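Below are two complexes that have chain A in common, paired first with chain B and then with chain C.
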Partner chain A sequence: MELEQLLDFKWSIMTPEFIILGVATLLSILDLFMPKSMDRKILGWIGVAGIAAATVSLAGFIDEPVTSILFDTFRLDSFAKAFKFILLIGSLFVLLLAISFEKKDGLAEFAGEFYYLFLTALLGAMFMASSGDLITLFIGLELLTISSWVLVGVTKRNKKSNESAMKYVINGGISTAITLFGLSYIYGLTGTTNIKDMSGTLMTMGGSQNQLYLLAIAFFMTLVGLSFKLATAPFHMWAPDVYEGAPTPVTAFLSIVSKTAGFVIIVRIFVSIFGSVPATGAQDALPMLLHLQDYIGFLAGATMIIGNVIALRQRNIKRMFAYSSIAHAGYILVAFTSMSYFTFDAIWFYLLAYLFMNVGAFAIIQLVGAKAGSDDISAYAGLYRRAPILAVTFAVLILSLAGIPGTAGFIGKLNIFMGAFATEPAHYVLASILIATSVVSYFYYFGIMTQMFFRPAADDSKFNIPVALLVVLIGSVVGTIALGILPNIAFDFLHDNFMQFKDFLQ
Partner chain B sequence: MDLSYVLTLLVFFPVLGMVVLAFIPNTQEKTIKLVGFLATLPTLLLSLAVYFHYLAGKSLEDFSVMKHWIQFGGFGEMDKNFFAVHYELGLDGFSMIMVLLTSIIATLAAVASIHIKKEWKGYFMLFLLLEVGMLGVFAAENLILFFIFFEITLIPMFFLIGKWGYFEKERAAYSFLIYNGLGSAVLLIVIMVLFARTGTSNIDVLAQIVNNPDQQMMAPISDTMKFGLLFALLVAFGVKLPIFPLHTWMLRVHVQAPPSIVMLHSGILLKIGAFGLIRFGMGIFPEQFKTLGLLLAILGVINLLYGAFLAFVQKDFKMVLAYSSISHMGIVLIGLGAMNEAGIQGAIFQVVSHGLISALLFFLVSVFYERTDTTLLENLGGIAKGMPIAAGFLLAGAMASLGLPGMSGFVSEFMAFLGLFEEMPWVAAVGAIGIIMTAVYLLRAVLGITFGKSHREFTGITDLRKVEWVPVITLMALIVLIGVYPSVLSEPLKTTLDAIMLGLGG
Partner chain C sequence: MMSGEFIAFMGIALVAVIGGVLLLNLSNVMHMMVALVFTFVSIAGIYVLLSAEFVAAVQILIYAGAITIIMLFGIMLTRHEDTSEAPGSSWRKFAVFLGVLGFAAVLYFGIYNLDLPQMENTLHEKNTMQIGEALYSKFVIPFELTSVLLLVALIGSIMLAKKDDEKEGDKE
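Right, the complex of A and B next:
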């Protein structure tokens, strides 16, 4: 490649990524030269500033037409932009949680790493959102995954943290292998790794029966492999153990940023590749994605049932939220399955709503867990007596997770239903499972409420809330209620700037 | 004069009361109770003003308000109404009466709340939120808004039962939550199917679109689907009403919830079921609804007889009243099943009449419980010696309930049966047994209480205090007013009834 050609690329569209990369590098150097005894919190704040700067620079590109550089491996289309906002805002909140996280179990030694590994993981996720090529996509995925492996095990002296890191590595390795196996079939059939070329080749190929079988194998392998990132069935088993053992900010990261990245990648691959392959030899046949959507639907249904039913039996609140997050991934898969006019809207909005309600919930879990020294649900007994405002805040977030009107979670579910019912034939079974399991989820969500409001408190000690955590709490509650009462804030932003993601396949 | 702000003010005024309450310290019992009571007054005055506005011959449409609210799917540029949910409130004769009934009973229940013993602040804040939900349900002009208000009633009820109820309060609260959660779930499916397939959720527009085969829709609604949707509506509102065998939750609520809340629950919340069936079932699916006449009449007779027979063997006065509610809701179903003007009018009359009567009886229950700590029939025996006035009103309330001419219960039962005898004389004849049973169980219970053998001395207990006179007199006056001058109800209902009969083609 000529140097001139290299300089010709419009590198500026990568500004947000460059900022994150730069800040991560800066933090690692600072960490190296700072005296051991110095408090590393300042590094966290620099990281927060970096993410904020990246968000602002991303906002500057909102009106930018679709641009791709590096031979179409990195593209900035409206899909990438919209989801990068979620990734950035999510990471911002998570990093604030990390700043206020108590540094124990050997974490103090690695406090610097603790902050900048979040940034490298975020960088990976952002690359996934922008990738136009399977190689870039895979590198982004690995950057995210490996950073999170380290983060899960970062509290070195904590047995559970070690156990969960081990489980996460093994499960992650297997799932990555399966994903790659699936992707290799598509590569083999098309001879390219560029997503746009792939869909072009597959569309014109016509396809003999054998090729279609191979593609179907690729479809299932990729789907199953990627379900690891989403924590959906059949690769959900790691979630409860890892969520329980990991430090709370990392748990929040896995359930928000990592999950969002998972949906980004799954939409990218499936809509662009399998959305353009005719399912049978005939040119006017249904795309393979629609033809096989019942299988995705089956996984979605299984995920919702598994998540919500097993959550009923959990006493540890982090495990409970692990199953709850499995269930929520199932809800979003319903939107993906229905592939209607509303699908992109629904996925984007739900992920945004989920970001707010979940990060706030984890903030409270972190606070109460640190105070009580345990994540057992009984630690919440009498919270209303001890800290009424905190209890009401948690109640609002829980109501949103349960999908009660007036909160973001409800509007998110409405949007998913709309997609499921607006297609012909409509997805009645799937939507009914969604709503029935939501009612099941009332049991465990209101179980927390029962503890907070009905049970007497074990002790009367008050909480003092660190500034960073307070910012997260206020941000998440305001976000949850604002999106619940005035959801048009988000919808207008989405519709005015991203035009239904029409440029997705351009 | 622009009156479109009136309804918004009417529905949301209690929120202002909540805000004021939030700033009063929890120890100020008297102030809290006073503010809680005062916060219900403006709503009452406004709904009376609306009623007199109507009586003066002016149109209720003056009060309609519509504001653009949520735009799903980004169709905004093409058609502002397509897939939009507006904030639209409005009244017709029926809903105006329900709003008036709600505000009256809410104010009286606030008076009855003087008997609440703890945590007044939380109690009144939830109480007012519940009132907002109930008012909104009746004033909402579209299905999504209706559902939002419908669900808003769920959360405060859960806490009001679970925290301020009697011995098995938490179980009752969960039972309430899950049954009603499932009911709402089914309702939400119906609403979303209609919304997703037609692109509108406005009740009047839907009624036109669904019954006009030439209308453009996003996706078709077949006749079978209409039946399915109507049946789902019947289940959803059948839980609320409740229709046998979906009634077990409401027995628990009647017994375990504090009586002031049962006044609202039995007086208003159960009526939402009837309101929904009439407004949506008959309004949107008249063709299909017509075919359900026999089913509804039979369900009504079952409710009537089942409730009456079981009420006869109860030992707890609250249980008697709970089964009596089931029995009386049977009359609503009987009226609806008749499908003629007299029947439907009887059903609506019964909704209002039973709302007033059960509020009165439960207020007296709270008066008795306050003084004697019991609601068991045998322990209350002979209370007329200690509290002659309260016992007198109890007897009068029971007379109204069993349908003594000159009181509201008579008018509604008479009309409902008149309607049914015209259409299905045999079913009506069986149902008439229930009327006799009503007299039997009510007289057994009430005579047992007032003049029965006394097991304990009722000396030293005070009769009705000044403040307790207010609800008793108001409710009694309204019951008699409707009994002797039914036009106060039938006049406003006329246009609603005409519209319904037109839809039913009769």
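Right, the complex of A and C next:
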């Protein structure tokens, strides 16, 4: 390949990634030359500016037709664009949380390294969203994972943080090995790492029984490996410990950005590779993805039940939110299982809604946790007396997480619920588990509200909310309510700009 | 079908598997490292059989050489107990054994008479050059991304391992 040929590609479509990479590099150099005594928060603000600039430049490409560079190792299709918006907005909020992070023990704030490792994690997630080649997808996944390992252990004087980082490294390593094992089988059967070529080869292969058997093994290995990333049952064991031990902004990052990236890669790999393989030798047979969807459905059901039931017993609010985030991953898996016409819309909308409600909730957890010095649920007693507006805000976000009408969470769940009925045969069992476990979740969500509104306060001290946190709170509440009352804002945006993700496989 | 290649493969594969099993079962860290080296070197042997000489050389240089040495440094420079903890209950061992056996059986059914269409290829000719060309043209994006990944690993490990001089910083 000649140089002219390389330069012929439209590299400008990578502008958002280049911006993030550039800002990360800039921050690392600034951190090196800044005087030691200087406050590192300024680096955080530069990071925020960088993410905002990347979002704007991504918005500039919204009408861009599908563009791919170098045999799909980077491709910008509507799927990539839609999910990159979620990743960028989520990271923006989480970074604002990190700027206002203050802990009583140990470091007063994050070291400078935190901010650029955060940006590289985001960079990995963005590459996962926009690539059509397994190698780039995998390296993006690793970049995200390794950066998050460091982020979890960033408060290194805190024993709990160390423990959770260690657990995360071991679990992450195992899950990577399993994923890679599964992917290597797919590569072995097709002889290419390009997803489009893979699905083409597999479609025409006809498939002897033996090859289909191996492909099914690959399907399960990849699913299991990536399930670790999503923290779905029974591969969720690491999540509560890691969520509890990590600093709150990192917990928010794991539950929002990392989870979104996990769903992105699962949809990309499974829909394009296994969605096109006939499950039996015959050409007109059901695709393998639909053939094996009962197993994904089983995972979804187990995740919803385990997440919600174990959350009932938690006294530590971060552990409770860990289980709640496991349960929410289960809801999204229902949408993925049903594979209806609305699946992409439902997953996208739910992740967007989840972003708003969860980031706001973690902002309040961080604020109250720093004030009380513990994450026990009793720290929320009498919050309404101490800070009425804060309590009402938290109540709105919790109601949305529980899925009460008028909030974004309700619309998201409704979409998933309708999607489960839109297919033939309809997924009645999954839909009823979704409803039943949502009711179970009311108990623990409303438990927090009882603490806030009906219990006497231990002390009457007021909160002073940092500006960055205030921005997060306002943004999340506005987002939650706006998407709850006028969900069509999001859906119109989706339909006008992304054409039902029709260019997913082109 | 007892060609020389087959015998070589069986020998090398056996050494690789035995090395892996010993790594798990030995209790002395140094012995574990030696077992690991055996696995690494025999995997390099498999690469040679597949006429991927460049990958084989890299495997020996990086894995058997650099990584093992660095791990040995790590072991020798830190204080540690030489032996690992007592193994868990025998029930658990048995369950794990069953799991491993089941997984092996499942995979064996998949591959024992798998026939993949053979294709003529030229991968063995100028192996290193072909890798270089693919790396710097077709796969230049993941290649560059890998450099970011290595940078992150470097910064992250330094950050986690270095001593904090918070108090000294305050005095300045």
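Everything below uses one rule, namely that the second predicted complex is superposed on the first by the 497 of 506 C-alpha atoms of A that agree within 3 Å, B and C clash if a C-alpha of one lies under 4 Å from a C-alpha of the other, contacts with A are read in each partner's own complex, and residues count from 1 in each chain.
Here, contacts are C-beta pairs under 8 Å (C-beta built on N, C-alpha and C of every residue); 3 or more make two chains touch, one makes a residue touch a chain.
These numbers were taken from a predicted model, which means no experiment stands behind them.
After overlaying the two complexes on the shared chain, residue contacts for A:Pro405 are found with chain B alone; chain C is out of touch.
With both structures placed on the common chain, the touch criterion links A:Val66 to neither chain B nor chain C.
In the superposed model, A:Leu414 lies in contact with chain B only, and not with chain C. Residue overlap on chain A between the chain B contacts of one complex and the chain C contacts of the other is empty.
Partner chain C is touched in their complex by these residues of chain A: 1, 6, 21, 28, 36-37, 69-71, 73-74, 107, 111, 113, 116-117, 120, 123-124, 127, 133, 135-136, 139-140, 142-143, 146-147, 149-150, 153-154, 156-157, 188-189, 191, 208, 210-211, 213-214, 217. In the complex of the two chains, the chain C residues touching chain A come out as 106-107, 109-111, 113-116, 119, 133, 137-142, 145-146, 148-149, 151-153, 155-156, 159-160, 164, 166, 169-170, 172. The residues of chain A lying in touch with chain B in their complex are 341-342, 345, 399, 404-406, 410-411, 414-415, 417-424, 426, 428, 431-432, 435-436, 438-439, 442-443, 446, 449-450, 453-454, 487-488, 491-492, 494-495, 499-500. Residue ranges of chain B in contact with chain A, taken from their complex: 69-74, 76, 83, 144, 147-149, 151-152, 154-155, 158-159, 162-163, 170, 174, 177-178, 181-182, 185, 188-189, 192-193, 195-197, 218-220.
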